[in-house]
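For reference, chains read A, B, C and D in written order, and residue numbers begin at 1 within each chain.
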């Protein structure tokens, strides 16, 4: 299979003109992304992609990506898909998520995508997916359903507040 | 609150006499636990505790434990609670989990506990929890429901097979 | 096993002096409870029990309680556990739930319990369980994690508003 | 919005030549479907649609479809999507599901769809959705992630065994 591309036209209208830069700035502040070596590959209104190259120190006991690491990048991809649609002066919080591990995370690259299913005023519901690339083969290895909360009046950073 | 202690008497009978050492050996092979600095604090039949001290490189954008890192240690704690009850010559796989983030992961220590709810022959259902300790205060910050699969005839490591 | 009793002392303080009667009145208005024959057996602050006797028209293809019917009564039990703690003039909404079916719903009575894990201002996180009774044997047959939303300023019924 | 149609070409190959009739026969035996008035509208390999007209006795306290009833038809739609791909002589069991309620179930018809995401040998992972139709308007009101187990060697009914 191949990783599904982002929607040709965004399904949703962002409410913050600085949606892309605020997502990139917030991602930069997620220190765990630096620790594991993840990169923000693409961001669109209601859609996000994060890439994580394989490293031997990201694994479970059989040498594959640990389910929690897969969950970490999918949670962030879906979270930033949601954050891209939130109004100025707000921040994003993961309320809960559920992830099914469809196949072992066996490969040299993990691609996590997130997209908004329903952008409510307070709660935003997202879907996330992970694909693992091994040589020429791409395998759908995880799928997530996630609930986010918009923290109105609590900007994501002090700088954003100015 | 305080972190609930393990059950006074184990609720379940392990089927593998080497249950404790196989869990410890498997935990040692989870390279991501070393990366983040997590330690296996306690293991009983059907019960497990993992501890993770705070570090600045484990965080989301507000400087708290990233939800995915919390999920990583709770997934492992619940997974090893389940693995402790599995028969010799088998390994453990996370099929899926669902986690609610109850409070921000704001503190200097994260304590993750896992316990078996239903030890089926193939599927094992577990509960996991996370508590964050800040000074004298302990807060219940996450709760998880998890489904594991027993991989019969697939030992956790080659050494175990001998 | 036996069904765990409600906590000896309630863990939470209700914010509405009419918590018990508003829960009972709301349950009466859930027409599907009458259709399936479910009864509100007990209600405490942050805790609720619903009972559903077996009927041949509540089943899946093997003659056991349908998973969706089990989910229906556990969702209501957990929802009313949450509603009991909500302030006057508000109503309750299920945001999402996740249920594990631990054993077939094979028996003459289903007992669903719900309890509040974390009573937030807007979001309330609950746990629900189902037990099936067959002769002298009680089996834990389902467990649920649920997220509720408090709808502030939207009373559960017009009568309550007066 | 409109309800997404089934895939133009099935993504999966059924392993049982009698896949459609065994699904229809099993649905007939789900007595709760008769109780609530649900109908099997369409079945394809790895895909299923169930329709449920509104009735006043299927509701929660505000007169909308009860979340548990929505879960009941989505669980069955996704379950039969999975069962359609299972080999002869097997039956299907819901291991767990997680449902997000996206909008109130306010309308005169509920349309539930289910599709297979990953058809494993033992575990089958599905997605389910519900749409509520009110006049000319169709609203996506729920989305589900579900894990099924194939019960090998346990036919769905005695008749099938002959």
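Assume a contact is a pair of C-beta atoms (placed from the backbone, for glycine too) under 8 Å apart; a residue touches a chain by one contact, two chains touch by 3 or more.
Remember, it's a predicted structure, so these values are computed and weren't measured experimentally.
Peer 1: Common contacts of chain C and chain D?
Peer 2: Chains that touch both chain C and chain D, as defined above, are A, B.
Peer 1: Which pair, B-C or A-C, has more C-beta contacts?
Peer 2: B-C
Peer 1: Compute the distance, rounded to whole Å, between the mean C-alpha positions of chain A and chain B.
Peer 2: It comes to 24 Å between the two C-alpha centres.
Peer 1: Counting only Cα atoms for the centres, state how far chain A is from chain C in Å.
Peer 2: Centre separation, chain A to chain C: 33 Å.
Peer 1: So what's the Cα centroid distance for chain B and chain C, whole Å?
Peer 2: 29
Peer 1: Give me the residue numbers in chain C that touch at least two other chains, ranges are fine.
Peer 2: 95-96, 98, 100, 145, 147 - these are the residues of chain C that touch more than one other chain.
Peer 1: Show which residues of chain A lie in contact with chain B when the two form their complex.
Peer 2: 26-27, 29-32, 34-36, 56-62, 66-69, 71-73, 75-76, 91, 93-101, 156-157
Peer 1: Sort out for me which residues of chain D touch chain B in the complex.
Peer 2: 95-96, 98, 122-123, 145, 147, 149
Peer 1: Contact residues on chain C for chain B in the complex?
Peer 2: 98, 100, 102-103, 117-118, 125, 127, 140, 143, 145, 147
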